[in-house]
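In the two complexes below, subunit A is the common chain; its partner is subunit B in one and subunit C in the other.
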Partner chain A sequence: MSELVCKGITKRYKDKEALRDVNLTLESGKIYGLIGRNGAGKTTLLSILTAQNPATAGTVTLDGEPVWENRHALDQLCFSRELNIAGNSGVAGIKIKEYLKAASLYYPKWDQNLADRLIKAFKIEPKKAMGKVNKGMLSAVTITVALASKAAFTFLDEPVAGLDVIAREFFYKTLVEEYTETGRTFVISTHIIEEAAAVFEEVIILKDGALICMENTEALLERAVRVNGLAADVDAVTAGLACHHSEQIGRSKTVTVLPREGETLPDSRDVTVQPVSLQQLFVALCGEEGMG
Partner chain B sequence: MKELLNEEKSIYLQICDRIETDILRGVLLEGERVPSTNELARLYTINPATAAKGLGILVDRGILYKKRGLGMFVADGAAEAIRLRRKQEFMEVKLRELLVEASSLGITTGELIAMLTGGDEDV
Partner chain C sequence: MKLKTWFQLGLGLIGWSLLCAMIFVVVGFIGEGFELLGPLSCLPMYILFCAAIFAVLMSMTTYLSYLPLYLSLGSTRKETWLGLHLMQLVLAAGCTAIAALLCLILPGDPPRDLISLLPAALLAILAFAKLGSAAGCIALLFPKVGRALSVVLCMVFSGAAGFVGASATMSFPDSFRLSLPGRATLIVGAVLAALLLVELLFQRRALPRYEVRL
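Moving on to the complex of A and B:
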């Protein structure tokens, strides 16, 4: 069983701390979901985990070996970045088939049959230049690279960003298929949380450069609840518990409660207790005052 | 078997419910193989660990049993066991909720009995 361990990762850009003391261990054979608001540090974290970007402090190791400038470790990692081709950036002029060819040479376990199948399913036009196709096709290209790389640890940054709902469903189905056949580890960042939540065995939440949660998705959602009722009753029931995102309208109050280890919500008939979805929990944990 | 999953309940519990309902409806027969963890994962686009948890609960309940290397099968008497458990759940959970709701609305036991024995033809 391989593991990718990230210890004390901090990343500072000129005027901004993008990541602050992030510690996490990715075990092989799991699908992880990485969620966070724009600017929370998701892409920075993924690029550091795959040694495409140096950390200011901290270490990333694969089975004890540092990944930085380590060909053996890098052969097992794939980070298929979101392609943002604004204006005349580096890859805008090259054809899709050339980009895929380069990927096939870079990744030692490249599966051309799988790549061909995905090109067909996504209706990718390999002869077109990267700068001349829409966002959906660029997403399809990044997905093709990620899946066909067959890398043991594969990282996808916003893979579904440009895809329509049919293509998104196809992507998650294909991902689950690939996962059930190979047991590869996937880390997937997304803003469209609801449709991906059931695929994530564990969820990693970043907020303002800090890791605020990393837990089994089902276990997390079994702990979290939304409590609504007369404000005084809600306060009485939730006293001492970790409450987030409290909203009050007149006498009615709603809070999201995420009990800590060993804490439970007392039984009460005075308030309504409802389960929350991962998206609702995320909003409760990461929503800003004045924006909810 | 394939119906959309919702967010009201943990997914592994919904997987249990679906399989049990399929057994009650005769979609899955006693002695027959049920979909594997990976088949369920692909069918519903869910994590295989979640599907495995659902199947594990049905094994614990004696609804399914494992045949080494072959998969999971519906146990003899599974349909009857499911019916019994659901009946019990109806009494202990749903009926109780109904009684609590009735009492909070001031509906008397007499009124409830009248409703239950009123010969409502639609039910």
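Moving on to the complex of A and C:
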């Protein structure tokens, strides 16, 4: 079983620390969801994991081999970047077919039949320049490259941005089919959490450049609850527990609780305990006062 | 090593150079009152000139378009570095070889005179490619300077294109013509070596820390 391991990854720009001592292990045969607010460091992390950008400190290894400048390791990784092509981008003039052709030459397990099927399904226009198509089509190109690459570890950055709901449904369906057939590992960074939550086997949450959570999605959501009731009762029940994102309206209070290992919520008839969705938990963990 | 894409880019550039050279011939054909022999005899020189233009412009734009593209598709930095040099070499060698072949086939003085200058022409195309690479590296490190530089290079080459078109059939004194090949090869070789050094210095600084953004 392959493992992609990153140890102590830190990325500093002139005046900003984009990633801070990130340690994680990605195992083969799983779909990971990478979530975080804008600027949390998701794209930076994916770029470093796939050796597209250098880290300031730390190492990334695939089965013990460093991935940086390693052809053997890179053959097993695909990071299909979100294509944010502005008019003056150097890539804007390159045609989609040229991009796909280059991808077919770089990924050793490239599946042209799958690529053709996705081009047809997404109605991609290969003869158009990348700078001349809409955001949805660029996302479709990103998805096509990611899925047809057949890379053992495939990373998608905001793959559904700009896609309509039908195309998004098609993407998730194709992704799950591909995952079931091949057992490839997918890491999907997205802001549309509610929609993607069902396919995430594990969830990775980044906040301000730090990894704050990496856990099996089901187990995480089983632990997390929303406690609602009179403020005094809620405070009594949740005392000593890891509470996030409390809201108070009058005397009523709602708190999201994520008990640490070994901790349990005491039984109480004075408060209401409800399950939370991944999106609600994410908001509780990453939302800031005044915005949540 | 995955260098196929770079090799194909080089072949594509040979094709574009031939196409542009043919446009020069057609313009000359029309300009000289539909006389074909004169402009056609200059075809090898036009090919070399167009190769030089594409070498400088493509090498420069490679840093802004193909470098991020290929790195984003899983190329290593070493591969892109080698690939860029391969592309330049394929263009220079391919166009020089075609020009040499045409010099042997085509009638007239210009092709015959050009044969002895072909080694210098090969080095000159490579030197222009290195100039483009150095400019591309500068554009990576200092984007505003790079943009200004690209405008200047375009202006210079537009002017040069006009000059080549006008001077293609000019004749030079024999003493100059005979002493030119040796001198030209030496001078162009020295310029190429200097530009290669500049390019390598910039590449050494720019490539390892380059951040892919599409």
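The working rule: the second predicted complex is superposed on the first by the 292 of 292 C-alpha atoms of A that agree within 3 Å, B and C clash if a C-alpha of one lies under 4 Å from a C-alpha of the other, contacts with A are read in each partner's own complex, and residues count from 1 in each chain.
Everything below uses one rule, namely that a residue touches a chain if its C-beta (ideal position, glycine included) is under 8 Å from a C-beta of that chain, and two chains touch if they have at least 3 such contacts.
All values reported here derive from a predicted model rather than from experimental measurement.
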{"item": "Which partner reaches more residues of subunit A (counting touched residues only), subunit B or subunit C", "value": "C"}
{"item": "First (subunit B), second (subunit C), both or neither touched by A:52", "value": "second"}
{"item": "Partner chain in contact with A:99 - subunit B first, subunit C second, else both or neither", "value": "second"}
{"item": "First (subunit B), second (subunit C), both or neither touched by A:83", "value": "second"}
{"item": "Contacts of A:240 with subunit B and subunit C, given as first, second, both or neither", "value": "neither"}
{"item": "Which superposed partner A:180 touches (first subunit B, second subunit C, both, neither)", "value": "first"}
{"item": "Which superposed partner A:91 touches (first subunit B, second subunit C, both, neither)", "value": "second"}
{"item": "Partner chain(s) touched by A:64 [first = subunit B, second = subunit C, both, neither]", "value": "neither"}
{"item": "Partner chain(s) touched by A:262 [first = subunit B, second = subunit C, both, neither]", "value": "neither"}
{"item": "Residues of subunit A that touch subunit B when the two form their complex", "value": "31, 169, 172-173, 176-177, 179-180, 194, 198-201, 217-218, 221-222, 269, 275, 277"}
{"item": "In the complex, subunit A residues that touch subunit C", "value": "47, 50-54, 69-71, 74-75, 77-79, 81-85, 89-91, 93-94, 99, 102-103, 105-107, 145, 151"}
{"item": "Of all residues in subunit B, those that touch subunit A in their complex", "value": "5, 7-12, 38, 41-42, 44-50, 53, 100, 104"}
{"item": "For the subunit C and subunit A complex, residues of the former touching the latter", "value": "1-2, 4-5, 61, 63-65, 68-79, 208-209, 211-212, 214"}
